[in-house]
Amino acid sequence: MNFDKLKALYINCTLKRSPDKSHTSTLMKVSQDILRKEKVSFEEIRFIDYDIASGIYPDMTEHGWEKDDWPKIQKKIMESDILVFGSPIWLGQKSSEAQKLIERLYGMSGETNSKGQSIYYGKVGGCLITGNEDGAKHCAMGILYSLQHVGFSIPPQADSGWLGEIGPGPSYGDTEWEEEKIDPPMGFDSDFTNRNVTFMTYNLLHLAKMMKANNGYDNYGNSAEGWEDGSRWSFENPEYR
Amino acid sequence: MNFDKLKALYINCTLKRSPDKSHTSTLMKVSQDILRKEKVSFEEIRFIDYDIASGIYPDMTEHGWEKDDWPKIQKKIMESDILVFGSPIWLGQKSSEAQKLIERLYGMSGETNSKGQSIYYGKVGGCLITGNEDGAKHCAMGILYSLQHVGFSIPPQADSGWLGEIGPGPSYGDTEWEEEKIDPPMGFDSDFTNRNVTFMTYNLLHLAKMMKANNGYDNYGNSAEGWEDGSRWSFENPEYR
Amino acid sequence: MNFDKLKALYINCTLKRSPDKSHTSTLMKVSQDILRKEKVSFEEIRFIDYDIASGIYPDMTEHGWEKDDWPKIQKKIMESDILVFGSPIWLGQKSSEAQKLIERLYGMSGETNSKGQSIYYGKVGGCLITGNEDGAKHCAMGILYSLQHVGFSIPPQADSGWLGEIGPGPSYGDTEWEEEKIDPPMGFDSDFTNRNVTFMTYNLLHLAKMMKANNGYDNYGNSAEGWEDGSRWSFENPEYR
Amino acid sequence: MNFDKLKALYINCTLKRSPDKSHTSTLMKVSQDILRKEKVSFEEIRFIDYDIASGIYPDMTEHGWEKDDWPKIQKKIMESDILVFGSPIWLGQKSSEAQKLIERLYGMSGETNSKGQSIYYGKVGGCLITGNEDGAKHCAMGILYSLQHVGFSIPPQADSGWLGEIGPGPSYGDTEWEEEKIDPPMGFDSDFTNRNVTFMTYNLLHLAKMMKANNGYDNYGNSAEGWEDGSRWSFENPEYR
């Protein structure tokens, strides 16, 4: 398989600013190591390192905010074929940074590509979640839902992550807990996590490659602009049946 | 576009047994009318019309249940390229029948196709939700999450549905509420619902066609059997870095 | 503290019919052992052992079902001060039986007590969740939400449960996994689970006792019948400001 | 009924900074009008108007952040008997500000009151959600779950809000949509919303009053410090049965 034309963007929605250690970033590296060997280019950014305004418009400096780095992130997403959305878990829920990213992606809903479709059509998305006990699936539900809703395609088994047992405990990649050494680092020997991160990574590649070969989705039946202009394809108004 | 080799299965997880009127079924017809005109074959079933055992094994008659119609449903899913998962909303949540369907799909996790992948690889899924006020997105989160987790691919904007305003009120397709006639039937003139059902339907067709053309996913990097047998492709154990 | 006039009902929404072993039931016993020593009477039932119809009316035999054991369960709930709602987790979500119980509780929304309030006013609720890796908080979100929505009061830390590490593994109370003995049984030595089950149990008792002493909620400001009859207390219609 | 010793804090998790119009704030006023007439003191703040650091420690200035207004908010919560948690909905989910508030509340988990309980014990919480189409119940699930988990008590029917019909449309309190006047303002005449906001408000008052009369919860069976020190009350370790 040759995936070398593809580009991936990892957005880590940790609450920790660089250079603080992020467990989610540690897990992202497992996926990125695969991309490196498959000659797929990628970039990882932390959402919180940027000065992102709150709101749901493409550029919040036009709505009263002094600064807004979102357009920079948006540009990176547009240049990528794959988005890997990373989040830690707080009280069983995705982070506030993750929800902020969703809000900004959603804020692009009105934008369309040259086919009249939502601008994220043709891109694929997955997620990587880390937490020390509970909530990976719940976070993935909200994240993958949001991605498909704004235009991404989701391949099989696109949710992966790591969790410890219930209660406080070490997080992914930790080498110490309550003064005891952990070797290998926590979670590194989880066959389950290793397998799922691998499957997610490859499925994103496979689907992104298919999307690229097909030039995304044909706009027959899904063009927002087309609908606006009166195209209905084979849709028939239920009123007139 | 020619979609005529594709087959779709609509599973309605209403709590109402046939022939009682299901609002979710009424909405399904909007999508099915498109398929008919596009010459795509389809079938609609109600999960509750079958005698489905509770549990998480492929055939619960091997686990103490006298009867289990799940293998019949499973066969229909395997013969289809597209699964449209329909659910009503109760207290903001997908129906108990919807969760039962998820449990049975999940119960097939151990089964693999000839490439060693989960058996639902290569199939695509979407959902149709009806409720009289709130919860369509929440239901879609759980349903689409579950579908991708067991192997389905999710195209863009694969969640669609209809909801009324907050509080009690007429449901999709109702022609009367509190002794007043509703004409056209409730929701039939919702441009938003009509558009979203159309986009979902076509995106399912586009992605299913791509899947068929590619014979699903290559098993490089995602074969459960391969992993079991020691294949790791470009995955590198993080312990050994 | 004297809690001996209180009664608790444990409804286990496992997918396993009696006498199959339920891990959720095993965890319920930890809570019940406290009640026994505190001289609080209790009963545990499995929802799936009953012949409960699907639907959202108080008695589905009036809506086409041949049989419906819900009125029996409803009677048990009415005779109790405390409801402990137990559920296993399937694919990060509460069981189909749990959702069915929610649907039936919701189906009682139209019924009112002698004060004109929803009939579950004055009762308190909590939940116990078991799973082998992920989803306890997510299940608790849906369950506790539903309980308060239909009239139950929720004390602090009313969610408790047990989860193993990510991936397949033993469940609560298991004494063997992949041919290795587990001693003590899985989870029995989890200080976190033991503490949380204890806190939940006592907080349910404390709040139930307060409710009993206050004869539930005064109906000033919360009577469905009162509102229907035009009572508005200090509510002022925002239109008229 | 006399509620005049009680204090309520409304935290609005809108994405809009003052003095921009917040629909959630408009709905909060319906509840506050009741408090005013019942002589209950209250304050409303917008979380986003403060400079709140991201993270999960009580004071993030001790963890590398230059500024953190959380201690100011925390002080206001401690001085209140009632917390009304308000959130808008974005893509069916509570706002990023709402999740940030949850993270900061959760960050206080290690703190205890003079009885050794979580510091929010004895306080009561509810939520007010506004959105233009879908997600109020889903948002309430996450919010009420989080509140009870950190120590708040939840009275019956503590979730209320307003939603419009599916698709784009006016929000709560809007007086214009697509160049047409709306009079009365959108949602003001919703009997359902008016009733539910009223019930929530009064139930918060009733339960807060009960809590005050009981001096919160007795610490028999729920003291974090007590557990730490070896108290077990009637809990019996399941290992030793």
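Each chain gets a letter, A, B, C and D, in the order it is written, and its residues are counted from 1.
The rule is short, and it goes like this: contacts are C-beta pairs under 8 Å (C-beta built on N, C-alpha and C of every residue); 3 or more make two chains touch, one makes a residue touch a chain.
Note that the structure is a prediction, hence the values are computed from the model and not measured.
Novice: Computing the C-alpha centre of each chain, which chain sits at the greatest distance from chain B?
Specialist: Chain D.
Novice: If you tally contacting C-beta pairs, which comes out ahead, A-D or C-D? Let me know.
Specialist: Most C-beta pairs in contact, of the two: C-D.
Novice: Need the CA-centroid distance for the pair chain A / chain C, whole Å please.
Specialist: Chain centres of chain A and chain C, defined by C-alpha means, are spaced 35 Å apart.
Novice: Quick one: report the Å distance separating chain C from chain D, using the average Cα coordinate of each chain.
Specialist: Comparing mean C-alpha positions, chain D is 23 Å from chain C.
Novice: Any idea how many Å lie between the Cα centroids of chain A and chain D?
Specialist: A distance of 29 Å separates the two centres.
Novice: Where in chain B do residues touch two or more of the other chains?
Specialist: As it turns out, chain B has residues touching two or more other chains at 91-93, 137, 141-142, 145, 149.
Novice: Name, in rising order, each residue of chain B that touches chain D in their complex.
Specialist: 91-93, 133-138, 141, 161-168, 190-193
Novice: Give the list of chain A residues in touch with chain D in this complex.
Specialist: 15-17, 20, 48, 54-56, 64, 90-100, 102-103, 106, 142, 145-146, 149
Novice: Going by the contact rule set out above, which residues of chain B touch chain A in the complex?
Specialist: 1, 29-30, 33-34, 37-38, 117-118, 120-121, 137, 140-142, 144-145, 148-159, 184-185, 188-189, 194-195, 197-199, 201-203, 205-207, 210, 214, 217-218, 220-222, 227, 232-239, 241
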